[in-house]
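Reading through the structure tokens given below for one structure.
Chain lettering (A, B, C and D) follows the sequence in which the chains are written, and residue indices restart at 1 in each chain.
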Amino acid sequence: MNPLPVLAGAAAAWGLAALIALIAGASRPWTRACCVVSGLGGAAALAGGAASLISGNSRVVTAGGPVVVGTLQLQATSLAGVFVALLGLIAVATAAYVPRYHEPGRGTGLYLAVYNLALLASLAVLVAGNVVTFLVAWETMALLCYLLILRRPRRAEVAAGAFWFLALSETGFVLIIAAFVILAAKTHTMQLDGIAARAHLVSGGWRDAAYLLALTGFGFKAGLVPLHVWLPEAHPVAPADGSAFLSGLITKLGVYGIALFGFWLLPGGPAWRGILTMAAGAVTAAIGILYALGERDIKRFLAFSTIENIGIIVTAFGAAMTFWAYHQRLLWAFLLLAGLYHVINHGSYKALLFLEAGVIEHATGTRDFDRLGGLARRMPRASVITFVGTLGIAALPPFNGFVSEWLIFQGLFQGFRTGSHLIAILIVLAAATLGLTGGLAIYAFVRGYGIPFLGMPRTRQAAQASEARQPVAGPALLAVACAALAVGAPVVLAALARAMRTVTGVSLRPELLPGNLTVIPAHTKFSGFSPTWLAVFLLAITAVPVLIYLAGRPRAASVTGPVWDGGIVAFKPRMQYSAMTFSAPTRVTFDALYRPSVSLRRASDDPAGRSGPVHYETEVTPVFERYLYRPVIRAFEWLADVVRPIQSGDVNLYLFYVFAAVLVAYLIAAL
Amino acid sequence: MPLWFIRGLRRGVVTTRYPARPDDSAALLPTPPSFRPGALTIAVADRLAQVCPSRALTREGEVLLYDVGACTACGRCRAEVPAAVTDSGQFELAATIRARLIKRIPLADGGRAPGSGAEVSP
Amino acid sequence: MTAGTDTSRGVKETSEALREAVARQFGRSLHIRTLDTGSCAACEQEIRLLAAPHYDLHRLGFFFTPAPRHADLLMATGPMIRAFGPAARKTYEAMPGPKLVVATGACALGGVYQPDAFTHGGIAGTLPVDVWIPGCPPSPLALLQGLLVAVGRLAEKVQDLSFTQNGTPR
Amino acid sequence: MTAIQRDLAGRDPGLAGLLAALGQDGPAAGGPVITADVPAGRLEDAVRRIAARPAARLADVFASAADRGDAVILRLIWGLDADHAYLVTESVIEAERYPSLSDIAPAAFYEECEIYEQFGIRPAGTKPLNRVALPPIADCDLPRLGRAPAPPPADVHAPHVVGGHAFEFPFGPVRQVGVESLYYGLVTSGEEVVDLYLFTWHKYRGVEWRLQGRTPRDALFHVERTEGLGAVGPAWAFAAAAEAALGLAPPPQAERSRAIALELDRLYNHAAATAALCQSTGLVIGQAAAEIALERLLRLNAAAFGHRYLFGVVDIGGAAAGPDAAALRRDLPGAYGELRRAADALLSTNSFLDRLEATGILSQEAAARLGLVGPVARATGLPIDVRADHPASPYAELLPEVATADGGDVLARFRVMLAEAAESVRLIEEMLGAGAGPGRAEPSGGAGGAGSDAAASGLGWAESCRGEALAWVALDDRGRITRARLRPASVRNWRGFDDACRSQNVFTDIPIIEASFWLTVAGTAR
């Protein structure tokens, strides 16, 4: 079957939703209606995406005649299908989330319109059949996301965050155009599948140039270090569902771009290309999680964790390319599959966590870890749902993060199959880096869940938090998805394997899934396990102690007493670990990266005896902003000053400019 | 560490056998006083009550109330009237009822006989 | 004589029952938590010495535990500073039953300090005392005897002592 | 030690000038204790002058209610160690405020807080004061030595972390087994110790308040039980103060008896500190070895003086008990040998030394600034030892060796303790040779003593196992105490504890530091 019609339905639904929101966004019922429609669109996208995994690449449909920007061509590919499905999932979840999250109003109407159009544009990016369509859709998507972030434009940090996003996005866009132009020029076609078919015409140097341009250009959107700086700025200022969309999908579009070039348009390539990609991914993962540990703001924390996960995915891709260079097609396809599986997983739990961050912010009025605490009692539903997402993102069984990261690790551990010691060592190094990352990720999310939900409330707002009238359905749906993606891993992987056959031509199915719900990383007799049975087994295990307790419970009435506090007058909230103190060990261990600055203020620091309150502050130096971007920005400011003289405002001068330009054009034409 | 272990073994056992066997280090301990009723006149009793810094000794009519629990075995009463007060040598004084630690010591025949009590026949 | 007397009478029966329960439940092993309610630190030193080689109360099945949650017996020293009362009560309540309280040393028994604005002059008014160990400070031997009396492994001697003797003093 | 006359020959002539500046006719104020009246107006200037003097340290600051009105008499006790004299300045403070002493002599800060709680007067300036003795209970109205503070300002509290990226790690008051109740507020950023403060109010027994109106001998009973571990030093200081007030001169054999008790006291405390060090470093066998030595020393105390902790040895005007010389000669070498062997083995155990070296470092500058005393100060290289600086019989003849070390870390303190233990054994043997026994000087004239029947006061001091112990006693004409000031060494040295801990980043070192300071809460919260 051809999924395009279904996807067209999704597009139509989102268009309609945008229209409703634009017209009647102010009224509650119409907002609901808009969300219902948008949700239906999401469901359609989900179905269409899944379908395109199975059905393989559809033929290219040329919709409408020549448009100003060239012909509009669409194609549903198996590679894009993964992302389309994710897009659908997130769209459904947010649709269920929005009505309770946003107060109806003019602003909300506009916002929802923009949001649905952004969904539409992202879909367009994913089904773009030719370069021009892709670029137009891409730029539209970028601009709409910019507006999405500008939900409350009057606040300075909002404007700043949105501007970071736009600036980096546009920079990346230029590189992406260059990459496409090279390929289009060398293959004399604008159609993507055409390019893929004639890629062999492109000489090695141009291939590498195009790939590097694409890696950098899409790296901006994906958030590869050091191109990541927009995420922690833009995510906190966007509304929760906007952040979920940005983190869950938009960054993945960057990943899609990298996969598009690395596996479809320019498959394979020299080993160094894969090694480079892998290195970029590994560094991104490690630095992402380390910065996450330094954050107090929930959404900035989640944004950095997104960077980490993007790093993991890109590492998998890089390793895959390396294996290709050493004729390990099986592992090549397998690691691509593992990476794409992680794309879906991360999309699901990261969207969940951002939506719950929004719930916390609405319930308490703050996103600051150190002003929260004890929410598990006040907000049981939110705490359970968040806990699922936390287990997922911390890559702990039985949830989906564990399965995909396990697959990626298993793939990397087979670096020895390259036959080259150096390469094997490099791949194992990447695996080691991911190992460190995984450990730190668990640490980070013990903190990310424990500080806000456990312990005592640190502020009055936290103590009075209430989750009544807070959205539940959306995050809950994603929580179910997290479980389903793990328990149903064999099914999902089967579908992905089909897609891999389309994309890479390698048939993974027999090696990956020997049946009986077991998953095998590409090569039998290496390793293997069954996510499904693992989940069942874990549930059984947790049941055992409960049963034992119930069986052996003492008959005597149990007495509940207060926590033993050493006899102090009263426990105070300041007597518990805070987010910053919990992560202090990493600040000490990795101070070369953090360059923390400490300030200690005290009412009286008299040598005789310190007295009065103390105030201790430690700040993490934003290395990349300070040492990489600030110089660049200065340079541009300087450049602007330099070119200002030619902007005199004198009409004749401008006429002269035009004349000169025309002259130059003619000269070039004449040559 | 092994060196320490060997040292420990070489040092041998110093642990008391108490309560299985009496411990002779108990003889060194300061122990609460013991009184000679014969020598305790009212006057003596009042002097004792007056020097006792922990109010363990009080006179109630013709009886000297002695609170072993309050007593710190400081020895001031013994120093005050050596003739009437001596050392009980008791250290196993734990009680499960506070009242059991309060002893009623009769004074010598209504305290008619004055003085140190040396002439009082037991 | 002291504020404690009535309290101790009040808890007599229960303390008997407790000792049996202790003997039943813990066999011959018992965990001890100490509590300083304002002592002069000498009682603490003697208690520390209980674990020293010369006395080694572990051989008798007694162990020290810093966590009242694991403690069966509370050795309280000092005259019970009023400001410390709440902490003392917290500690006692943090212990699981059945539990014993041993008033240790003359201060705890009301010897050194009289009840006043600073102290209760003894712990009896604050905690239900089961066993009283006199002495300033009570020597480790006296403490051992007290502990063994507390768990009913030694008979108390003091009620048979008259603290009178005839004949000329030594 | 009672006032024994010393000529001014050995003294730096500058002292006379100083005294003149203080309005004293210098040489006349001979003797080991010099008293000077300093009007409140000139207090600041006087403090500057004295503090500027080499080897002059502010040993104590305390107040007492004046006889009439609600004026307060502020007394500063200076140890002029180079001049072998104590200088007591008295100033009558009429106002609510007095010049901030701690700005000039930092050691005074703790006492400034104390005086505010007890007498309601506070130093000039806006420096917040810390809570010292009074519990943080709203309606807490404990009896005070003076009048209660006017509605207490909000800035009187223990320092708390109020914000930022640090949290308070509460520890205590109910802590490990067999230790005194003490509350640590450990302010930490998760790794480093940002700050550490102590609460001792839950052991505050108002001893100085309860001594009022008692006879010195009755009071001595409570003084001994103020700080039971190392009771001899403070008791001696108190007795000496009373003797100075009463004009008594104890017989020499009684003084030697006291001195022997004091050295035995030092011995067993250093042994106990060694055991505590082993316990805090988890060296169980070493702890057992040290505890064997400790128990033998305690039994030696009991054999020699009839009490394991040497209560009841010191008496007003002499010694109530004399040592059993035979027992001492017989058992001391063995008991000390135990300690010596344990210490030698410890000093050759690297796993032990590694925990002690560079742990809890206290700079000499800090020790001097905070007016620390005893082994803690000597381990930083400050040779402060009352037995040498302000010697009185019998130490005047014995000339004890002052053990110092440098480095100021736990190991230095440990070495100082061991050296002192050896010295104590030598002193005991010498004094046994000279003969020691009980004895008491009875008041010659009326209760006022020394023939005079007017109210009298006196200062007493002794080098307790923790360092200089001071006591100041004022008696009324009936010989009853109107104001007794006790200043055990613990009061001084705790204030160096948080500095030592802050030099550390590891929580687990704090018990080691505490063991090496070997202080009592009881001595501070008296």
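Some notes on this structure:
Criterion: contacts are C-beta pairs under 8 Å (C-beta built on N, C-alpha and C of every residue); 3 or more make two chains touch, one makes a residue touch a chain.
Just so it is clear, the structure is predicted and the values come from calculations on it, not from any experiment.
Common neighbours of chain A and chain C, listed by label, are D. Here the CA centre of chain C is 31 Å from the CA centre of chain D. Centres computed as Cα averages put chain A at a distance of 82 Å from chain B. Chain centres here are Cα averages; for chain B and chain C they lie 19 Å apart. Counting only residues that touch two or more partner chains, chain B has 14, 25, 29, 54, 72, 74. Within chain C, residues 53-54, 68, 87, 90-91, 112, 136, 139 each touch two or more of the remaining chains. Residues of chain D in contact with at least two other chains: 173-175, 181, 221-222, 288, 292, 295, 308, 311. Under the contact rule defined at the top, the touching pairs of chains are A-C, A-D, B-C, B-D, C-D. Taken in their complex, chain D has these residues touching chain B: 218, 221-222, 283, 285-286, 288-289, 292, 295, 299, 302-303, 306-308, 311-312, 320, 345, 349, 351. Those residues of chain D that touch chain A in the shared complex are 102-103, 106-110, 113, 127-130, 136, 155, 159-175, 181, 183, 187-192, 194-195, 197, 369-370, 495, 498. On the chain D side of its complex with chain C, the touching residues are 135, 137, 140-143, 173-181, 201-206, 209-210, 221-222, 225-229, 231, 272, 275, 288, 291-292, 294-295, 298, 308-309, 311, 520-523.
Looking at the complex, you find that chain A touches chain D at residues 370, 565-569, 571-572, 574-578, 580-585, 587-588, 598, 600, 602-604, 606-618.
Across the interface of their complex, chain D is touched by residues 1, 3-5, 7-8, 11, 14, 25, 28-30, 53-54, 72, 74-76, 79 of chain B.
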